[in-house]
Amino acid sequence: MWSNILTTLFSMRFLLTIIRMATPILFAALGAFTAASTGIGNIAIESIMTFSALGGVLGSYLLNNAWLGLLIGLLIGILTALLITFFSMKLGADAFLIMIALNTFADSVAIFLLYQITGDKGTTASLPTPILYTWDIPLIKDIPILGEILSGHYVLTYICWLLIIVMFVVIYKTPLGMRMRACGLNPDAARTAGINVERLQVLSLVLSGVFAAFGGCYLSLNYLKIFSKGMVSGQGWMGVAANGIANGNYLSLVLSAVIFAVFRAVSIIFSSNSAFPTDLVSAIPYFSVFVILTAVSIINYYRVKSGKVEEH
Amino acid sequence: MTDNKFSKLSKNYKLSISNPKFFDAVKMLISILIALAITFVILCLVSSDPINAIVTILTGPLTKTRYIGSVIESFIPYAFAGLAAGVLFKAGAFNLGAEGIYILSGAVVTAVAISPVTTSPILHPILCFVAAMAFGGIMMILPSFLKAKFGTNEMVVSLMLNSIYAGIAAYVVRTFLGTLKRGGNSSKDYLATARIGYLYEPLRISACFLVLIAVTVILYLVMKKSRLGYQIRLAGTNPRFAEYSGVSAFKLAISTAAIAGVLSGMGAASALLTQTQFYTPSQSLVGIGFSGMLLSMLGRNNPIGIVVASFMIKYLEQGTKILYFVDKSVPSEIVAIVEGIIIMLISSQYFLRRFRERKLLKEGLEEHVE
Amino acid sequence: MNEIILKLDNVTKVYPNGTVANRDINMEFEKGEIHSVVGENGAGKSTLMKMIFGIERPSSGTITYKGEEVHFNSSMDAIHAGIGMVHQHFMLIPSYSIVDNIILGDEPTKSIFIDAKEATKRCQELSDKYNFELDVTAKVSTLSVAKRQKVEILKTLYRNAELIILDEPTSVLTPQETEKLFDQLRFFKQQGHTIIFISHKLEEVKQISDRISVIRNGVSKGTYLNADLSMEQLTNLIIGRDLENDMDEYKTHEDFHGERALEVRDLYMERNGKPVLNNVSFEVKRGEILGVAGVEGNGQQELVKCITGLEATKYEGLIKVCDQEVNHLNIRGRRDIGMAYIPEDRMVDGVAGELPISDNLISTYYTREDINGKLFMDNKAIARMSDQLIKTFAVKTKNADASVNSLSGGNVQKVVVAREYNTNSRFMIAEQPTHGIDIGSAEFVHHKLIEMRNAGAGILLVSADLNEVMDLSDRIIVMFNGRIAGYFPDANKVNESELGMYMLGAKHQSEEEIGGALND
């Protein structure tokens, strides 16, 4: 049995599973990171993913085109982000409470809409929905091993990695990114340098909504090919956690997201083996987040305490 | 993450007006009216007979005693969850762990309820309660402790723990407390001694109802009049001022989490011992802890407000259920929309501000010319 | 006369809560001069500069810059017009390099990217041109305070500022660093820049300025040629000391048998490897006020932290409150022994703004018997007591249920003082007790402090306001660089210029003389 599992862990299939699992978490992490760069804690990633996952599928069904569906999904992400800024900036509500509320009734709202359109409270399986497919890269797909690793993934997986590179460049190499980070690091300094801090914060939250929406649409239009109740299942929160661990470091953001994906993949492999209790195995990814997040904070605590790092 | 510029905008905004409480009440009322108006618009879109639909939602539960009874029975665990969230929010904590504590204490309740620990039909439910309360109280502390001691993000940790606890509960029930009846993921039926009967059958009033009322009153008094409640107020509004005044933020974080956990345990026990009489971790208590947070926001973290809000929401839900019998186009999830709109409006400090300011300006001009 | 670059006409600033920060200020700044604006803490210098730099807008009056009336809506407008400001608290991002800090908001680009090469080149050239001796690729977090200040100055030069405002630039510098800064300022002057130099250190002002404008209580007291003004004249203009303010006549002198309220022995504390408190020893007896004078940032804040135990701070030495050692105690324990504390930042530490006044009036003794019943707090007793305190302390409010946020600054401070007064403690720390509040409330607070002193409390008064220290104190110590630089056993026998010498580090007493602070 163990040899079986070991073979699986070192197989190509496992690697490909990780890549598939990593995409939504990376999208979520990218969203959390972008908002955090201007000093905003976006904890509504999970709910934006849910809304957009549904919106993407419904859009695709109604417009009969998967790409238009994706566009609808992204629009919903933007609208949700704007809704948050409207209530927090224009109406003076606590942004945290608004976002907690959004997360809490996201599922119900999604189910309500789902039911109105499909008559089903669980999934969109009954809807004939055009979906986004995988993409084979010409030439590269014919290279042995490398071709298998690089080619044949879902379209949005490629977009995800592309966006990771693009956002790295934007955040670290352009004036916009430098100003955004300045807002997060020292808003007063940014303001005295003539930067409109509030405007950049809204922008970053909207971008954050777009990335979360990509994550949601990946799940519903690409990976699972349907919307089903509870499908986001904490992947948005894993992105938020990855951002918490990264603490402003882009590389560790990507790394933590991938590590979480590894644990998701592990949990899938173990759950297909009847020798392990499925209930516990399904909790592995969450447990990994809990352990890593806690460990990182404890390490930081002692580093600050021993005076190695200055507290800000 | 805590130092959020968004919320800062609203923090120091307050004017001296003659009666802010009255203003709050008016705001609440208008929020509810707006939410109902939007609901009506939605009903117009989805239902063929929207007027009948809204009337049914609002008055349906009053048409039969058993409808009201059903509301009374089902709102109790939600009210407990709301009270738990209220204590945490009031203390300024973002520990969202009630969901997981409900599901995990469900397993604890079940373990006691299927064991012949006593033959007394009074003692047995009490033991179930005590076990769930003790267990919930201890388990709830974890995220708050990590936050207070190491600064770990309690929101993410508590959410992850929710999923972990759900896995553990499912495993424990399946492996140790289960039966092959009901597909293998439910527990055995509870022993007859563990069930809580009705004190007044037609309205389904059980001892749990009385416990809830008692707990609410006690909590209200604790919050309003006790030294602990005072400490929670201080730490919840300005933690630095609390430290300055000699209130230990650490102790307070632990004790409020413990109280919230105990309340969650009570909620889990009251749900299982009156309603289902067996436990299915993937269904029985799912979502109650999360709803509690919304109910707490609706009730503005005030124990009595929370209980009223819970009743109101469950009432509306019952209304939609009744509607669903006759009109399949409106699922009960519409209540979430009502809830969401009200919450967003009442937490908006600037909502109706102009109206209030104009009033204030008049008063100010009349009173003192400086 | 030279060309006038900036002109203020009848500039007045009234804040929404009614505080008049500046009244009818008229000032002219000539192109290419170093023009100091001096005045005490809270005299209104900062507000005036904020208006020039576009952070605040005048309530009335006009600002004319280069012959045109200007109405800046934000500091961006001022920057575009050619005005730069070096803030007292640096506006820098520590994790950014010097270059990034300088170019932020005005970045050179190559297509859509930041042109890092060009930026570095420009910044390095700028730094070299003004002899700043900086490696502009270094991270700001690795820089000394003096170098950070240079970065701030470079920021203004990078934006082609012709008029540069420096707000208390020397408060964070050593004398040698100050010398260097002055050399640079003179160089800027040669290059045609106009410098507005804000300070309350008179020696420095005399040393660097061409002309000097004085502000007192928000009102301009005129502009003078430096050469025409003696040190004494300048001091009088700034302080304009009103002898009637002296509180001695309210003091009574009962005998408390030399009982000690506070004893501090050999206090030592370091931060980042440097001592911020060094060999500090003194005592406060019951029935006296010990004033701690000093320029801000010379260890006073750390001293207060050590004594109150508010934050777990590591220090060496011995602290006794009412003859009990308190080193191991947190703030609660120290309060229980008999300590009261009026904190510097009242809105952050001193009150919970959203809670009612009554809640704020009891926070430091909420467990006391007279306001508690057996099980619950006695809300009636609390209400009664609150009403009484509101009346005694003349807090302007409708009732005790109003939130503290609805009060003006002076009334908030009265709430804080009333609460600490009501603890009946034998030892009280008053940290900047009248900072930023109106004169009426300030006087009230002073009288209450004297009243407590007369009743037998020992009060440690830490204040950057020299007048306050001299008016209230029985004895005075002066802090400089984390040490006690001078001790004056009789506050009436010392004048401000004498104290000033110690505050600025120009004079230092012998160990023996300072020892008197503990053993008198």
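The letters A, B and C name the chains in turn, as written, and every chain counts its residues from 1.
Quick note on the criterion: a residue touches a chain if its C-beta (ideal position, glycine included) is under 8 Å from a C-beta of that chain, and two chains touch if they have at least 3 such contacts.
Everything numeric here is computed off the predicted structure, so don't read it as measured data.
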Pair joined by more contacting C-beta pairs (B-C or A-B): A-B
Chain separated most widely from subunit A, comparing mean CA positions: C
Subunit B and subunit C, separation of their C-alpha mean positions in angstrom: 47
Centre distance in Å when subunit A and subunit B are each reduced to the mean of their C-alpha atoms: 28
Per-residue overlap in subunit B, given as positions that touch at least 2 other chains: none
Partner subunit C, residues of subunit B touching it in the complex: 12, 14-16, 18, 221, 225-227, 230-231, 233-234, 237-238, 240-248, 370
For the subunit A and subunit C complex, residues of the former touching the latter: 169, 173-175, 178-179, 182, 185-186, 188-195, 310
Residues of subunit C that touch subunit A when the two form their complex: 74-76, 79, 85, 87, 91-96, 100-101, 104-107, 109, 112-114, 155, 272
List of subunit C residues in touch with subunit B within their complex: 18, 310, 330-332, 335, 341, 343, 348-355, 359, 363-364, 366-367, 372, 375-377, 379, 397-398, 402-403, 405-406
Residue ranges of subunit B in contact with subunit A within the complex: 1-7, 9-10, 13, 46, 94, 96, 146, 149-153, 155-157, 159-161, 163-164, 166-168, 170-171, 174-175, 290-291, 293-294, 297, 329, 331, 333-337, 339-340, 343-344, 347-351, 353
